[in-house]
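Multiple structures follow.
One chain, chain A, appears in both complexes that follow, with chain B as partner in the first and chain C in the second.
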Partner chain A sequence: MLELSGVRAGYDDIEVLHGVDMHVDEGEIVALIGSNGAGKTTTMRTICGILSPSRGEITYRGEEIHSKASHEIVERGIVQVPENRDLFTNMTVIDNLLLGAQTEEAKADRKENLDEMLELFPRLAERKNQRAGTMSGGEQQMLTLARALMGEPDLLILDEPSIGLAPHLVQEVFDVIEDIHAQGMTVLMVEQNVQQTLKLADRGYVMENGRISMTADGDELLEDEGVVEAYLGV
Partner chain B sequence: MGHLVTSVAPLPLQGGGLGRFIDPFVQFLTDITNLEPVLLQLLAFGLLLGGVYALTALGLTMIFGVMDVINFAHGVFLVVGMYSVWLVSEMAGISPFLGIPIAAAVLFVLGVVVHVLTVEPIIEAPQQNQLIATLGVLFIIQSAIEIVFTPDPQQVELSLGSIQVGGVFIPLGQFYALVIALGTMLAVRAFLNRTDLGRKIRGTADNRDGARYVGINVRRINYLTFGIGAALAGVAGGSIALFQRFDPFTGETYLINAFVIVILGGLGSFPGAFVGGLIVGMIQVFGGYYLPGTTAQVLIFLLFIGTLLVKPEGLFGGAEA
Partner chain C sequence: MSAIETVRDRYRTFDDQRYAPLVKGVGLFGLLAALPTIIEIDVAGMELAALLSLKVLILTVIYAYTAQAWNIMSGYTGQFSFGHAAFFGIGAYATQALVVDAAVNPWIGMLVGGVLAGAYGLIIGALSFRFKLQGHYFALATLAFAELLRFVVTNMSELRGANGYFKAFPRDYGAEYGLVAFQFQNDLPYYYLIVGFLLVVTLVSWLIKNSWVGLYFFAIREDERAAASVGVPSFRYKLIGVAVSAFFTALGGAYWSMYFNTIRPDTVFALFKNVELLLPAVVGGPGTLLGPIVGSFIVTPVSEIARTTFSDINGLDRIIYGAFLVAIVIYSPRGVVSWPSQARALWERVRGDEEVSE
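Our next item is the complex of A and B:
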């Protein structure tokens, strides 16, 4: 479904990704783990067209997307929950959700999807006319997730969706991910909660210094000594 | 803009020295305590001018709010609006009131073209680059107008006269300009708050990356916003032409005041532009009446500098577009 080959990207003159190869198949949950600064967020931003690669190729359903603008990538069905959320903080919860629906299909289903999101995240329903920036971190994270779902993605990209959340909220986020995956959505996620993520994921990639250093099934990675030592704090 | 207050005989200049600056305030306070009718007249003039000022600032603040571009060409956009209305009424013989929507359409197209040619290629560059590019556009269009229409002042032939309301004298040209300004501001507000495109513009102003992540075509929003901002300048300029003579350089004074209003109200803030417009209009009218010479304009600049020093985010800073 999604394939990166030899992707190099970075900021201004600094190259952060030195040739990343990875792929996500239809219906999978794929995890990307790695220490801080490894280049995970840079990879996610490059997939969504926020950054453009200096070299290499990104294809989605067989079509090259690395030279496409971000809105063209969303049109093709890839939507991201970015690491720093990038909510519309001065706008209401409802406005944020409505802005999540940009493709023609998503716009057509906007009303039903909105109701569905408010049902799925009752706290958002309670605060629907509140400005997004005035909500708690957990509520903002839920809103970012709901906003992405309003876009009816085929491939949902999550960059540390549970960052900074209280344990019960982390669980809630993982429950939602499991739910939407069960409904057929493909998921690519970056997470610090390595154990929980690898349990959920079909496959995982480990990133080090802008390169993929290892890839295996989720379970295998959970049992790998190097991974356990580096990321599970044993 | 001194023309406004000439309809009320200005105070005779008092002697020299500091008294020149203190006496007016004494006079002002005396007038307030005596509830002099002139106050009501000045208030009316202040409102008439302030409303139009607010409209001149609206497009500027909108473009800044969405793409952080300080558009110096805004001043000459106002002038193109004035000349459009004049051309339509003088050459084609159409009512200048109908000229205003035509001016808006002309400016929308001009705004999009200017954006695509000069701002968009350097949208990711540091802010001063765009500022200089738009300043260049200002000079180019200004010179073009000067070459084609000469530097002589022009005037829309329109004898609307005036009305008296409770002893207050209201020139109808300015009154209609105020009505157009208020109507336009309400319409823009409704557009931004109630339509899908308006919501996308607000979203892009709020968080550009957020807009990209949800799939908004930010490039398209940029040029539409530039076009709408320029169209607003067209309406503002066209309204000003209903009551004032103008030449190719008239835009400069308005541009400066529009900057003051935008800073005063808070960059990107709509309510700020409205309140800022009224404040600057009032200072100009009251100052023009009570203070000697161009002291009012000096006061406006002091307010500008004071805002930057004390409350750089402006009265409504951080508010949504």
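Our next item is the complex of A and C:
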């Protein structure tokens, strides 16, 4: 479904990704783990067209997408939940959700989807006319996720969906991810919460210094001594 | 446009009634229509008109109109333009050049000016946004494009250089005084005409604000990178903002050129014109529908009255503009129209404190 080969990218003159190869197949949950500064977020941004790679290529369903603008990538069904949430803090919850519907199909279904999201996240329903910036961190994370789902993505990209959340909220977020995956959505996620992520994921990639250093099934990675030592702190 | 309204309606609390904007609009424009009569009412032997003449009212509504046009781009999308004199001047010059040199009806000249200004806006926008100019850099770029036109026109003999144009008589382009000729023999019809202009641009602004376009504009204003990452085609929508705003600003310039007798590069393309075109919106409340109108009714009369009363002090009106700008930017960046709600919040806080202390 999504394939990266030899992708190099970075900011201005600083190259962060030194040739990344990875792929995500239809219906999978794929996790990308690694220490801070390994290039996980940069990888996500490059896939979504916020950064453009200097070398290498990214294909999605057989089509090259690495030279496309981010809105063109969204139109093809790749929607990301960014790490810093990127909500429109002075706009209402409803308006934030409406902004998530960008493809023609998503626009056509937005009323049903809006109802569905408010049902899936009752907390958002309570606060629907409130400004997004006045909500708690957990609620904002729910809103970011709900906004992404408003776009009816085929491939959902999650960058640290549980960062800074209280433990019970982390569980809630993972439950939602499991739910939407069960409905057939493909998910690529970056997470600090390695143990929980790898349990959920079909496959995982370990990233080090801008390269993929290892790849295996989620369970295998959980049992790998190197991974356990480096990322689980056991 | 109606689609987003129905979606919002279903999830909105019911204190926001459907007919509220209509009532407000009728009230506001009713008041504007009645103003020429109101200023002539005799109060204790003094007419308001002695201070606030019809000429000042016309000027005030012109700047309310142009500020409303500026607001569509800079207030809604957050791309602060310091160069709207470019569009204003293009409107004025296109109208006069066609009227005087080719005897074309000014209404046609006005539309030509609007389209040219829109095109110039697209060029400025495409260049600036392609190179990702933002904030101060974008404002400076727009200023540079406006100044560029001033120099070019001043040195173009085809457009009569620094001398500019002197408005033609209606018979010169085969019309008689009246709406078709865009010229009247007294000020009152001019006043109603510019109020009509203001009504149109306000309506357009309202429609934008309540449409998907408006939602995209506000998203871009709030956080352009986030807007791009959810998939808003921000480049395209910023260009739409510039083009619409430039078009309407040019119509204001056309009106200006048909109301006053002369236009010159150093009047319609003046460096200071840029400030005059944006200040009412900034003072009144950028990004709001009412702000540009309220702002112009504060800024324009005060500076006009000061200019005519203290006519021996050169540049007093500009000093006043400067003082307004500094005061509002520092103390109330959301503008005058935010004062009532801020006062209410303050009042509720004071009352809340009292209840607690009881």
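To be clear about the criterion, the second predicted complex is superposed on the first by the 234 of 234 C-alpha atoms of A that agree within 3 Å, B and C clash if a C-alpha of one lies under 4 Å from a C-alpha of the other, contacts with A are read in each partner's own complex, and residues count from 1 in each chain.
Here is the rule we go by: contacts are C-beta pairs under 8 Å (C-beta built on N, C-alpha and C of every residue); 3 or more make two chains touch, one makes a residue touch a chain.
Everything numeric in this text was worked out from a predicted model, so none of it was measured.
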Combined model on chain A: chain C and chain B, fit or clash: clash
Partner chain in contact with A:V190 - chain B first, chain C second, else both or neither: neither
Touching partner for A:V30 - first (chain B), second (chain C), both, neither: neither
Chain B versus chain C as contact partner of A:G151, first or second or both or neither: both
Chain B versus chain C as contact partner of A:V206, first or second or both or neither: neither
Touched partner set for A:L114, first chain B, second chain C, both or neither: second
Which superposed partner A:I65 touches (first chain B, second chain C, both, neither): neither
Which of chain B and chain C A:D95 touches, first, second, both or neither: both
Residues of chain A that lie at the interface with chain B and also at the interface with chain C: 48, 50, 69-71, 73-75, 79-80, 82, 86-91, 95, 98-100, 102-103, 147, 151
Of all residues in chain A, those that touch chain B in their complex: 48-50, 69-71, 73-75, 79-80, 82, 86-91, 95, 98-100, 102-103, 147-148, 151
Chain A partner contacts - residues on chain C that touch it in the complex: 4, 7-8, 10-13, 215-216, 218-219, 222-223, 225-235
Of chain B, residues touching chain A in the complex: 196, 199-200, 202-203, 206-207, 209-219, 318-320
In the complex with chain C, residue positions of chain A that touch it: 48, 50, 69-71, 73-75, 79-80, 82, 86-91, 94-95, 98-100, 102-103, 110-111, 114, 128-129, 147, 151
